[in-house]
């Protein structure tokens, strides 16, 4: 069940006869990472062409805009936008005229010392249009004494603390870089061209490569600047190697199951979470039912491990638009029912295991369980394919305040009672880390209660 | 995989303080039956209020229109519209001023002797606005010598041959009736009201009842006229009982899995088709993969019966809009890939069984199999949870011409070769009929090659 | 000042390689006759193609719709639509499938026995979609025993009483006819083509001919049916000659000043009204100011005759859209001021004559005079270039109820006091009739208190 | 005839309970100064709220946006936007977060040393979003060492050379200032409030005051900074007094005739131009006809002085939208005819004087004269109520390149021949200056060939 909002997806392309359309498709495939606004900037003859708007990729870019987005390189962005009327100001990519030409930039993540950097910049006369981190970075580059853009980034990026996977377009280069801890994914691919060569593509998630027929080459390393220009592909580090802090929530919920994130397939890691969950928390039941769509792989894993049959017992209505109109009279559990409908013919009189990826406030889980009971289930066992969610994220995930997280207020037993389940169990931290084959690699699991990997600058 | 277009969904409501909103929700839940146009007519103080438009229910009805649709009774319709600029003319419900007041009408199905009736009516001076069957029926009523609308219907409905599940609204009545063979579903429900009473609702599919919290009461019988007015619920037959011709394709593809159609749950019947398919056509493989979303229940059944693990090996992108823009340069299998992405991490080096509901022209299946092979599968076995599709439907399903149906041109072996599978098998007619618990009840399976249950009037 | 709403403009074209675009332009030029909805139907290879919508001609017809409107003949319509959500149903041209093929029809005017005809038709089983007169006429044709459309019209048109200037399109003919009294204008023109020939065009007003470079040929006669087909132009009478009832208000307010209506230029007739007004009601003043735009020609005539200088003392804002948002706090005379602004630099300390075409309720005139006084005028003399408006129109003009017409409630002196003028005078009926060179020709001046030229069927 | 595009209108308001709506109305009244984009920023509790968009004021601001624009002070802007897809970036007011809070700014005019200022700013690390002058000024303020905004402006404004009438909004002040030569108008008004007090309003043109019921107080002086805050109205000079350079074209064409610009009514000055023109260039003719709407006052003046009757001989169609679709087949003079239609009934066989405000390229005048001849005129004498247009404007008027101005290429006789007139005459420079009562006051008439009042920085 969706209750987390990833902030963004980025995309970049270089040397492609259809750069604008590839950006369009690359964003399309990553639409799940942000549905409120989107933008593309391409570069043709040293000039930037851009189009941005509020809405889905398919709505914001009609054919005539794609025709206008000429050129062989470009970057794009999808955003889960902030509320309010000024949303368009924050829509990325941001574009600017610097002394050495136009620059466009888009990022995924959250810079934790952003306010400090902004304040310093404002004091020295910088003007800010919007409120996002990307704008600060533009100012850092603009003010850098270095003439060369790569040198600028090398010098200035290190001043930012936190999560940032960035794509940047100049008059002649596509640049991409990733924070030293590598919170958010960022991958490189090659798209074969008709002439036997290939274009270079960058994406937050590899599912974007699949759609445009590109091959995954490798991840951009934490602390690496990667760029492409007419002399080829280049790489340099701007930060020394350190313990990584890959976002575990990309595997738990964010990423598409058909993406390969931090070196491992997401569908596989989720199934593995389900298997661990079944081993750690066995129960006797007639069927395992996922909360669609995010709970599906873990439910399959749970079913496989437990031997309890998998059933698609809750049907999701995929025609839900963004402006659904409520009836004024109350219909019980209406808010959930408009999206999910349990199959009473299947469930009636049965003991069911419901598998979901997380419980945030608990109110949605409570409604789902009520629906399943109303559909006639005898017993409802809830299984969560991750540990209890205990802390807010400061690295680019839109989580509620810590005090609204039910796992921060109540014990597992109390949560079980609140959501109305016959039993409730979460996956252990060990099970989670094993599922993503963490091994020596560092993951950020701060949302599940482990220490934050950076200072938070919360004053 | 979607390749059939059901023509319509209907909905009716009587005695509900929020009739307009209930119609909205009832259509919303049935959106899968038609996405091109929709309309609602309510009745307030004997006056009809209507709103129609091209697009999804959520788009056509903004809040201000729902506010305008006052009254305690109403009917609504979703349509898979014909092409061309005149689509709005055919959008239902149709409304008309007759001598005894306003009448609105909406239907699901196709009347096979419609052209004959139209020609007769035109010869006697009737004017037609559009091209749909509903309009003929309006004329039949308008010209009936009977004053009472129920009497009119009783007399005139029998002149129509074919499939029609109809809802009709007058100044003081909600009427519903179903053709004598009952091709299309039509059910009655009761929605509990705050005052302890209930409103009466009519829908093509019972999933509409679930959303609005109504209880399924019974199906309207083939040949039955059912109506509600201030004196209560009434019923009368306009045709003598005969062998039914329930549309088997409602179970194979059309209906939502969480609906109960012709007395049996659709999810259950589809799982049963998968089980029969596994028994009739066993194969050794590493995993069973559904073509989402329609192949899912049958794949689960196949997996259960065969013991081969079920995997969600093809991910569907649910953000596909209706106006997707193609790249001008060719990307292999692009048309399918924009919607479906196989998971290569899962599939690579494996033998897979792909389960789908049908093969129409074979081109889509061919692309899907190519994608799965490109994702690294070793062997691809295709299993279709229905018999070969051999004939066009004349009762309300938008099928290709008979000569474009691959099963009409090629043997199963040839189809297997065409789609590029390692093996291909279809469900038997016996398996299909057992799956829907046909027993003595008649089903129309003309699309699978059994005789058409009515004359076709094709001259 | 605009306070009357003419119902419609019609247009027809035959034998033109760009029939759709000519209809578009012809309606564009006549946009002043109706701004709420518009539609065009063309005919290509015996098939009708249509497009209609709510809004201005320039909004309803984007390029892609004009491209779709192929064919060498067509008709079009602009409408001042009725209120309510069902406006699109009444948008013309109406189209229908009759036994002998498609027919499209559009009209200007109002049929006074329309309700009687409708009732008869409904009793015999006719279905009505909307509420306009055109639909009744379609039914009359559809039910006529005559096979030939011209014969049908000849027989049936005479059953309609009142005002109707009609254009009609079949598979092979453009037909136009005008009621026996000729209330509304309807003219024939020839548009020269590149091949040396010409197309035939029909319009409510001749200004449409000017825009498309057509020459005015003649008016269609009252009681005449005119048609064009592949054998050429034809004419026949369906009614015997009788005293005409040309609408005097076409000259007073409706028609564009650059049109020639009922054989005389509208600008000229209005100037003449101003001259008569000056002769009949002389006054001493510093300047003559028109209420723009309709009062301009009469004010020029008044100035010429009286020798008092003409000044454009009230400036009209032409950017007024249809949805102007009011301030919530009161601004004095705001409703008028948003449209009209008197020039205080010019007016201050002066005696002015304000010339307008009519006073309906008196409230707008009162506001205008208040504005002029606030701008510093010493004396304000109001002169109306027509007699007092005393009765509602039943022939196609949207006038207020008779009891809301101030001239029906108050004497000229009382009106003068109500509107706050220093003096007020109206044109005499004789002056009016002389201005339009009525001579022996009959004009309908029922709105000014002369008898209605037909029965009204008001029961 | 419109062939010049003024760049902008500005508006400001302080202390008004309906500041957002007053800005809306103030822009509405000034819509003639820019129709491509518009924006409003208000301030509520120290926070800025803004809304901008492409289109007319009435289109960009629906009711829900006006409701959102809360607060008692605000500024607004209308713009004749540059071409291209990035137009929204340049839409004003520009908003920014500076160290001491939010600032919004809007301007009318053109800064001639803008590129130099931009280059300097970019070199020192400033980032530019768009291409307009206002943005440079924001940077100058942001980088000023002064903390107080008025001090900043006092220090930095003087660095800009050229034309700028600016309104600026902070958290607690409305500020307005005007360049030292006062090229563009900028006036102060007071709007009476219900509580007996008044709000302060600023506008480019006084017609904005008329609409909202405000009284004109005085012009802001060239080189003056005027501001309002909770302590009242204040004024300070940032430049010493110098010879003014009031834009003469505001009187010739730009401003609305009902505005008072540079101390004199525009309608009056235009009439006076017509009178001078008649005295300087008498001719014998039957009527004087203005090219609507801009030629109207001068034609009235010409008629008065010459005694030749004034006639509204060319009718303008006011329903012209911005996207008019051309017929593919040629219609003679179509482009002009869609807007203007000469009245042949009036003109036929007559000698006419056509009065317009200017001839730019000569092509439009040629078409108008051709239309008038086609309408039957015997002789056509053209009179231009200004001297020949010889040079481009660099102070905010969108004129063609100098080499496209016909008066720069041809003698008056040659122009007369080119446009096809029987005679052609222009107003003298002396006549022009007398008409605006220039006296000792300096006017910029560079477009008519006098020296530019500032350096142009054209390298």
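Note that the chains are named A, B, C and D in the order they appear, and that numbering of residues resets to 1 at the start of each chain.
To be clear about the criterion, a residue touches a chain if its C-beta (ideal position, glycine included) is under 8 Å from a C-beta of that chain, and two chains touch if they have at least 3 such contacts.
From a predicted model like this one, the values you see are computed outputs, not experimental measurements.
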Which of C-D and A-D has more C-beta contact pairs: C-D
Centroid distance [mean C-alpha coordinates] between chain D and chain A, Å: 49
Rounded Å distance, chain C centre to chain D centre (Cα mean): 36
Per-residue overlap in chain D, given as positions that touch at least 2 other chains: none
Inter-chain touch pairs (all): A-B, A-D, B-C, C-D
Chain D contact footprint on chain A (complex, rising order): 49-51, 65, 68, 85-86, 89, 95-99, 119, 122-129, 131, 138-139, 142-144
Residue ranges of chain B touching chain A (in the complex, touch as defined): 17-18, 21-22, 24-25, 28-29, 31-32, 35, 56-59, 61-63, 66, 194, 207, 210-213, 256-258, 260, 265, 267-268, 293, 296-297, 300, 303-304, 309-312, 315, 317-321, 323-325, 327-329, 331-332, 334, 337-338, 341-346
